[in-house]
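Note that chain A is present in both complexes that follow, paired respectively with chain B and with chain C.
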Partner chain A sequence: MVSKKVLLVGNFGVGKTSLIRRFVLNEFSEDYISTIGVRVSKKIVEFENQQVKLIIWDVAGTTGNEKVPKAYFLGASSAMLVFDVSRVETYLHLEDYVQTIKELSKLKEVTIVGNKKDLLTTDELEKVIDKINVKVDLVTSAKEDDNVEEAFVMLAKESIK
Partner chain B sequence: MVPTKIEDLFIQLKTDFSGTILEIEAGKFVADQLVPKNSIYELCPFLEASLEDLPLHEVYHLNTMLIVVDTIEYNVDLELIRAIHDVSILIHDRSSVYKHVSQLNQNRNDLILLKRELDLKNTELENLKIIAEKANEEKSRFLAVMSHEIRNPLNSILGYSEMIATEAEELSIIRYANFLTRAGKNLRVIVDDILDLSRIEAGRLELIEESISIKEVIENCVNDFRFQLKGGDLAIQLIEENTLPKFIDGDAVRITQILSNLINNAIKFTQKGIISIGIAVISEDESISTIRFYVNDTGRGMTQDQIKTIFREYEQTQARDQHNKGGAGLGLSIVKRLTEAMKGLVTVESTVNVGTKFSVDIPFRRTHLDSVEYVKSEELVTIDLIGKEILLVDDDRLNLTIMDHVLSKEGCALTLVGDGQDALELLKTKRFDAVILDINMPRMTGEELMRKNDLFTEYNKETPFIALTGNTGKTDQDRYVVLGFFNVLSKPYTFVKLIDTLKKAIYKA
Partner chain C sequence: MKKSPEDTQKDKRFELLRELLLEEDRKELESLKEEVLVHEKFSERVAPLVDEKIEILREKFPEYFGDTITETIKIQIRDSQDEVIEALYPILGKLVKKFIISEIEKLTESINKTIKEKFSVKEIIKRFFKNKKNNADVVLQEVFHPIIEEVFVIERDSGLLAGSYSKGNIADKDMVSGMLTAIKSFAEDAFSKEAQDLEDIRFETFQLSIQNFKTIYIAVATSGVLNMDFKSELSDKIIDIAEIILKDRSYLNDEPKMNALLLKHLIEKESE
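Up next, the complex of A and B:
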């Protein structure tokens, strides 16, 4: 079985840890505990008759001014950039963020996921997505387990391309 | 040789590219798994899928990684060097350092999130404030319009009741007319209070600064009440404690309003006895005199708890008495707000069943006025209106009739018309000693007529015009002055006020 290192990056508090916990352990907590350093989880993903072991790096959230250390991207097969649909500062400079990740990681594509969709109405969500000038691949809710599996499958597919 | 003390703080080992530990070179880590032949991925899962990608012979740093041993998390920094056949790995335990960093990080993020929440709440509050201000403005506008609409019929009620009281011969009719007058005046006070409060709340209270004789303002106000209380169980006395400045800069209407509200309040809660009104200069410097007005009654007094609430709007009935004493309960609130607007202070002392004393201290700038510019009330008595040509312009027939009646008695030669257009035609061909001009009229308003004043300069260039209006705001009144009006007569007016205003206009002209 092939092992693939994948990274979740994004501003602090966007729910990267919550997405991983939901995906790996099917758990969710309302408590916000800021991640320091890198926490790694593993999960086997099956799609199109193949299995991929994802080595998921939960990288500490940034405040927007700091860059994710380049060393973290060593050997990474794909990356997910997570933002919070309810916090404008987390998606205001997405385009720049994507560019930086591509430069650091040498990845050609970055999966872009908007989390916490449960906090907005459908109309509000549409307005947010319209405002963002990069293509958002999926909107998720770790809290309500909405589109979480799909986001990681997308990430896994990207990792074996 | 590795010092014992730091044995647990680092470990140096070698692995192959599949992560199998080949040898421990130095140091020791807390975990027992880090022994030859075990996979380093057991403890360092983050290395999986990375080792082969390491650059050859370069030191590669991986900082702030997490290792979990028996559910305890350790923060570690790693140095990796890839050789041709293996990888050297040095693991440093940095838990003690990162424990503090972690807390700082959490605190920083919490602060940022809290700040954001605070910003959102502030925005929400700002929006609510805008909505509330808009609602308040709407309310003020509504009250202003309603008050204006009430003033016109009230003017007729007061005018006719005064006429009946003056001319009736039967005592009971005079009594009833006086009751009607009193009720009308109470209603006027309520309308004025509501309008004033709405102006104050909307920040639109504009105080007039003009030279006034403070002594005369107070005396006139007290005399009005003295007349009202004549023959009852309640007496009123004015005590002038020391010499007052002859003229000060102030707003006579507002000072009268403060004092009237305090006296009215004293009358309401005093069955019999004496209401003492005092006036004194309590401090002076080169240009400012701080003047104290006080109203001391022998009424039922108040408890300390009642005193705490008396300056709130609509508070009077609960706070002062179980009986409804009439009024909207706005008087004392307006006293406080007007006093504060004049940079003054209102205080109250009270003892149950003994009485209450309200004191108002206001600083006024002293002025020196040429006596020619100032017309004292007693001087007005000597001015004669007999034979004066007065043009009365009003579309309200009732008001016109009242003015006709009052001024005819003064011997004026009156001409009555119903709108500005008819007035204009007359002004082009005949000279008048004064014109009393309503503002809101069909065909041509009073303001429109004044804008056409170049059409009647031949006969009426120097004629004083008096604006007759229910618009009592200072902005409106200032606009009338700019348009060329000599003075403004607010509805509802008293007969005395009507005659005095006309006399002043003719005297000045």
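Up next, the complex of A and C:
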């Protein structure tokens, strides 16, 4: 089975950890992420008759302002940038974040996911997506387990491209 | 004296009155008598059966209720950890003390035995001619023989596990490789020594030695006392393995093949 390192990045509080919790059971203790700024989890994803072992690096912070070792971004096969659809400050500079991730990881594409869709009405959600100047690939709700699996399958597909 | 007709009449009336007044009580008395008799008869018939059932229950109690009781105890312990710790602390303290004393005794015996053997005239002469290890190394290595506990071959950038050997059962190796890579990157970054690599991590009785190569690094966890000879020998073996892997990169995509290589070059050679 092929193993791939994938990144999960996004501002504090956007729900990255909740997405992982929803998707993965097997993970390290909460203490690590606050100490070294990353948590590694694992999940085998199956799609279109193939299996990919995702080694998910949940990196605290993305903007380049946080002191996160650049090495965390190396060797990744795909990356998911998560923002909170209910908090404007988390998607205001998405374009810059994407650029930073691309530079650090040398990836050509970054999957963009808006989380916490359960906090907005459909109209409000549409308005938010319209406001964002990069293409949002998926909106999810970790709380209601909506589109979580789809987001990670998208990440897995991207990793084997 | 013979009763007069009047007296006889009075007696009859009295008897009638008594019958009228005590009729209910008599009925109740009869009913109670019957109940007691029925109960006695019932007891006679049922008692052996009950005894038999009790005997069966006594014999099969663990089978019937073992799981439930174990589960209940587990829940109780989980819900009242502080109380359990408080209750166990003095007992554990004594046990730990006993264990330490017993281990120190064993260690003393072992050191004495090694000293006797290694400092015999024959051994001293042998070492004099070989002149390789110092005396402290000889004793320490004999007493705390180093053991290779875990080996990880990890892709340097991604932290993905390419192969491993494990003496025991450790947590998920993929995640350990990832976290180890993250810790390594964190340490290198925190001390702003990007051109330098983290080489050793010590934790309790384990020592993790890391040897870095261009695209991979090999981490070996050992227990026991590592003397210079063992370290140097281990380092040579790791370099040999890295050379094989980097010459034939198919090892990096074939975990079973890599694991077999580690077993052959590190573990089997070690035990020879």
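The rule we apply is simple: the second predicted complex is superposed on the first by the 143 of 161 C-alpha atoms of A that agree within 3 Å, B and C clash if a C-alpha of one lies under 4 Å from a C-alpha of the other, contacts with A are read in each partner's own complex, and residues count from 1 in each chain.
One rule holds in what follows: a contact is a pair of C-beta atoms (placed from the backbone, for glycine too) under 8 Å apart; a residue touches a chain by one contact, two chains touch by 3 or more.
This structure is a prediction, so every number in the text was calculated from the model and none was measured.
Peer 1: Which partner chains sit in contact with A:3 here, chain B, chain C, both or neither? Use first/second/both/neither.
Peer 2: A:3 sits against chain B and chain C alike.
Peer 1: Does chain B (first) or chain C (second) touch A:152, or do both, or does neither?
Peer 2: So A:152 meets neither chain B nor chain C here.
Peer 1: Quick one: classify A:40 as touching chain B (first), chain C (second), both or neither.
Peer 2: After superposition on chain A, A:40 lies in contact with both partners, chain B and chain C.
Peer 1: A:71 in the overlay: touching chain B, chain C, both, or neither? Say first, second, both or neither.
Peer 2: both
Peer 1: State whether A:87 touches chain B only (first), chain C only (second), both chains, or neither.
Peer 2: A:87: touches chain B, not chain C.
Peer 1: Check the residue A:97 against both partner chains and state whether it touches chain B (first), chain C (second), both, or neither.
Peer 2: A:97 sits against neither chain B nor chain C.
Peer 1: Please indicate which partner A:12 is in contact with in the superposed arrangement: first for chain B, second for chain C, both, or neither.
Peer 2: Only chain B; A:12 stays clear of chain C.
Peer 1: Looking at the overlay, what does A:60 touch: chain B (first), chain C (second), both, or neither?
Peer 2: In the superposed model, A:60 contacts chain B only, not chain C.
Peer 1: Could you list which residues of chain A make contact with chain B in one structure and with chain C in the other?
Peer 2: 3-5, 32, 36-38, 40, 42, 55, 57, 69, 71-72, 74-75, 77
Peer 1: Could you please specify the touching residues of chain B with respect to chain A in the complex?
Peer 2: My answer: residues 45-46, 48-54, 60-66, 75, 98, 101-102, 105-106, 108-110, 112-113, 116.
Peer 1: Contact residues on chain A for chain C in the complex?
Peer 2: Where chain A meets chain C, its residues are 3-5, 26-28, 32, 36-38, 40-42, 53, 55, 57, 69-72, 74-77.
Peer 1: Mind listing the chain C positions that touch chain A in their complex?
Peer 2: Listed in rising order, the residues are 155-161, 172, 174-175, 178-179, 182-183, 185-186, 188-190.
Peer 1: Residue numbers of chain A touching chain B in their complex, please.
Peer 2: Those residues of chain A that touch chain B are 3-5, 12-13, 32-34, 36-40, 42, 55, 57, 60-61, 63, 69, 71-72, 74-75, 77, 87, 89.
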